[in-house]
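Next come the structures, one after another.
There are two complexes below, and they share subunit A, which is joined by subunit B in the first and by subunit C in the second.
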Partner chain A sequence: MRFVLDTEQRLLGDTLHGLLTKAGTPALIRRWAAGDHDRTLWSALGETGVFALAVPERHGGAGPLPVELVVAAHELGRHAAPGPIVETLAAAALLDGSAAAGPAAEWLPRIAAGQAVVSLGSPGRIRRALDADAADLILLADGEHLFSAVPEGPAVRALDPARRLFPVRQVERLATGPAVPRAAATAYDLAALACAAQLLGLGRALLDVTVKYARTRRQFGRPIGEFQAVKHHLANALTGLEFARPLAYGAALSFGSPDFPRDVSAAKAAASDAAYATARTALQVHGAIGYTDEYDPSLWIRKVRALRSAWGTPADHRARVLAAVPEVRGESPR
Partner chain B sequence: MDLDLSPVEPFRAEVRDWLRRNVPATPLPSLETEAGFAAHRAWERTLAAARLSVVSWPEEYGGRGASPLEWLVFEEEYYAAGAPGRVSQNGINLLALTLFAHGTPGQLGRVLPPMAAGEVIWAQAWSEPGAGSDLAALRATATRADGGWRLNGQKTWSSRAAFADRAFGLFRSGPAAERHRGLTYLMFPLDADGVTVRPVGRLDGRPAFAELFLDDVFVPDRDVIGEPGQGWTVAMSTAGNERGLTLRSPGRFLAAADRLVALWRAHGADPLLRDRVADAWIKARAYRLKGFETISRADDAGAEASVNKVFWSELDVELHETALDILGADAELDGDWLEGYVFSLAGPIYAGTNEIQRNLIAERVLGLPREARR
Partner chain C sequence: MNIVVCVKQVPDTATERKLRSDDKTLDREAADGVINELDEYAVEEALTIKEAHGGEVTVLTMGPEKASESIRKALAMGADKAVHLSDEALHGSDALSTSYALAQVLKKIGFDIVLLGSESTDARTGMLAAMLSERLGVPQVTLANKVEIDGSSLKAQRLTDYGFDRVEASLPAVVSVVEKINEPRYPSFKGIMAAKKKPVEKLAVADAEIDAAKVGLAGASTEVVDFADAPPREKGQIVKDEGDGGVKVAEFLASKKFI
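== the complex of A and B ==
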């Protein structure tokens, strides 16, 4: 048992952190929000192997590698990278598992290489497709059917300007059968896990920037980070994030076991709460500047609020956890 | 990265089997009562006879040299089996670890085997009426005497001291102005001449701790741990243990969370309480995994331990509060959940209040500036 990242896994995280730092995501996020879907970053992520993590080897990928997926999603969250990244990763699992040989052979190698942007929807679960206008392919999983789809009308205005959400309608059936809902379930769990990891990365970045601000911002003749009220908010934020992280990696390690959906839900609920509490603290400690559109961390704060409810609300995931807890003998706490 | 526990499964199976055959069928009386204390002491002897009282210690002192992972597994099985609370915990989880780090071979050989066997139960003697969160303000003194030291002063909130045999704590052996310097770490018998023990009822009235009045109590040199005057440094190594994994292992929260889910289901699975029940279960799992992370990194001390302490102590309160809310109007009746609740309420206070821990996290982990002190 060695429950820490190995050297290669850490290197993947460091590489992505370097790449995304250099890319300068705040400007990219604002451009993406304005409808500029430049794919330079997407291609670079593809070259680093991010999308290959969800694509099996027979289709040109390296996956599924859930631990590495969590590492990558954490860094993508830390930099609030825009675009349907989680959706594309989930689409890979959906195409691979749906017994849709033709579409899988056509799209999976392109996804793995970072040459395809894919979005998806599913009635009831994923009601609007993220960045559908930027996607080369939109999937719609509905019961035993897998369809391709197209946007139906303009994006719905949302809190995070970089999350452009579209209603979609089906156009062509790609596969039918019991494999589709099974693949959709796996894709959903992988997406929820990646979303949890993104939230942890978003939370980490918000904690770091807020600590930095508290050390330099002066009021009453001293850095505000000297005040216990501020310290305790930040200590709570760290504590929440520190204990949500092992749940995400634990879930990644249970991929393929019957515990995977339960463990994903535990991770998603905890990461949502931890990241959201951190975002609230970031806003409060920054004061009015954090409440402005022009201050970059506000992009992170808005994304946290959005992802908290994306891929299942905390309440959905808590219910799923409890439904999966086995019976024990007694009900006394001895 | 992996979570492969298969190498420790044989050990888990052995522990589980022994516990199934030996855990008392009916719960022991509360260990914070005279009869309960005696029953728990007898249970420690039973554990020791099976070499299960201190599994992580070296064999020569009564343990079996278990790895940190085996210890975590032992704890999981221990609490899952509903085994009695550990009346020896102050000794085996705090003093013993201090002795392993700072004790002489003579002290280890003299103190540890009777501790492992449940023959000597230890109480802690840190706080004083004027030194709680600000422990370095303590005033009880150790004065040089022929062949040892004379202790004078008052200690308070001394857990288990109402019925325990010996105690360990810090005493001022230099000028008061030195705060962290000039302190000495000593062990002393609670039945020695000059020691008066006044049991103090905790929130539910049970004498879970005591005040100690020390009037020229003689302690021989051999019962000083570490160098005289270096007591603060010695004690802080224990503080890291107390706040971290060792005092409150994940196993106890995993077992309590499973039982909370069972309690919730047995009482109609009220959807209004569902999120809180799920949260307790999720947090217990998080603490388990964090424990695996900690032992994989092999450092369970310092400011990181403060993060642990805040987490488990608040989880414990939340978990028991939820249980009482499930019990509804019966929550106020004496019972295991109520006793667990009362016990949990002390967690955010002892071993350094959670406010002190948050200061440590902010300053030592996050690097925020220390508050300007008057």
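== the complex of A and C ==
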């Protein structure tokens, strides 16, 4: 197996990087946090085919393509793109797998084309729906039932102002049956994987900007990047991110196999830890400027902290990895 | 409408560009190759013309094997097919011999309109459109910031220092475009996947009836005699404003003959 990205996957990543650089995400993130849910970037991502990666071909998509999803989510994280992108991708998997023929036919083509913003919740796992006031559709998976839902009350205070979380309540039942929890499980794993990839992208961007800063910021007569203690922090951040990256791609490759949930959890736990350590290093190396709202990396730092515990905390995911070890399950090793 | 877009792979402008010490040609290993940015505008214009008037868009590039990445991007944007002229004999060709080689290919594949960026970000001669039109014996419309096709002729706005000229030319013609002409589209994932199946014809010099003696380093009319790294930037001088800052700025500008 060739464990490198092919030309097409790299071109997808480069395209998104170009598009998002030009879009200028820092201003968009601030506007999104202020409640301005302009869809220009969302539509552009739809035209590029980001959402189609999670929608099957029979509903106008190209997926599910987990490796391409990881590539795309990495770039979306690198630019800290705002909005319920991962939620919409997960919703596609949920609608597709829930045996809800009507809603799937209605919503999946719109999702694929970037014409629908979807958020979701799931009691116990995702108690609050992200950006629910900006969503065209909110899904709520509860046991064997899939509901549409509406926001209930104002947004709760969140760590990351650009991630606005709402309590929701169910309004209409869309599907019932054993397919719903199965689809919800797949949707959860795909979302956790996309979230892990986003974290790696966020970490990469934070490391890049911090290395640049360490080269120019001078103290005691030389750039602070020349001090070994600073170098070591940066090197640790890099190795953390680099060790987590293959876990994300590895998990993408095991999509559809019984190992997928375990591999996703390994990736999500490692990516959360690596991105969070990088964010803390970025904050420390930047000194006081890192704490200012006006300085763009603060948007990335707060998003890392939020995504670290979104779609399962590192502890949740470690527990899933542990539970998948045969000896722990009381089986003989494979 | 048979539209041909000439694209060039250039070193990424974001990276440090180098010349090779042995034969003083571009060091292609030192930097990542990307499609020349201005050529993306030419591809976009070609696709726009095709969407309005029908026809086919062919991408033409001359360069080593690695240049196929730039072809791939143009195909992913929506071009229909590509011709890749690649031969060791072409290594070190200057603008004049490049125009000869490309003109030979263009004569072979045929065209109604040839589009290209107004210059490449590496060599920056901006001469290729003029040279191609001379060699092909067709009108040249350079520095276009607007192109309209009308049957067998085209109308264009040509960017100048004082505004723009309105020019008309009969087809076939060679048109170079500036970045004000449009906003290049991003390839979609479907476009990227479709590009895999699009035909890329590979040509060597003999296939295009190119005389190998007229191209490459030996066939070049210009020669890089010597080169040196750009000197490091000198440290700026800090002038403290003690009420006379304006005068000091004016004195500085006068000393550099800006005012």
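The criterion applied here is as follows: the second predicted complex is superposed on the first by the 326 of 334 C-alpha atoms of A that agree within 3 Å, B and C clash if a C-alpha of one lies under 4 Å from a C-alpha of the other, contacts with A are read in each partner's own complex, and residues count from 1 in each chain.
We adopt the following convention: contacts are C-beta pairs under 8 Å (C-beta built on N, C-alpha and C of every residue); 3 or more make two chains touch, one makes a residue touch a chain.
Computed from a predicted model, the values in this text were never measured in an experiment.
Of the two partner chains placed by the overlay, neither subunit B nor subunit C lies in contact with A:Pro64.
After superposition on the shared chain, subunit A has more residues touched by B, the comparison being subunit B against subunit C.
Looking at the shared chain after the overlay, A:Pro246 reaches subunit B, while subunit C stays out of its contact range.
By the touch criterion defined above, A:Glu47 reaches subunit C but does not reach subunit B. After overlaying the two complexes on the shared chain, residue contacts for A:Thr15 are found with subunit C alone; subunit B is out of touch. With both structures placed on the common chain, the touch criterion links A:Leu5 to subunit B but leaves subunit C unconnected. Overlap of the subunit B and subunit C interfaces on subunit A: none, as no residue is touched by both. Those residues of subunit A that touch subunit C in the shared complex are 7-8, 11-12, 15, 18-19, 44, 47-50, 52-53, 62, 68. Listed in rising order, the residues of subunit B touching subunit A in the complex are 1-5, 7-8, 27, 69, 82-84, 255-256, 258-263, 265-266, 274-275, 277-279, 281-283, 285-287, 289-290, 292-293, 296-297, 307, 310-311, 320, 323, 335-337, 340, 355, 357-359, 361-363, 365-372. For subunit A in complex with subunit B, the residues that touch the partner chain are 1-6, 9, 67, 207, 211, 214-215, 222-223, 225-228, 230-232, 234-236, 238-239, 242-244, 246-247, 249-250, 253, 266, 269-270, 314-315, 318-319, 321-322, 325, 327-334. Put simply, subunit C touches subunit A in their complex at residues 69, 72-73, 76, 186-190, 192-193, 195-196.
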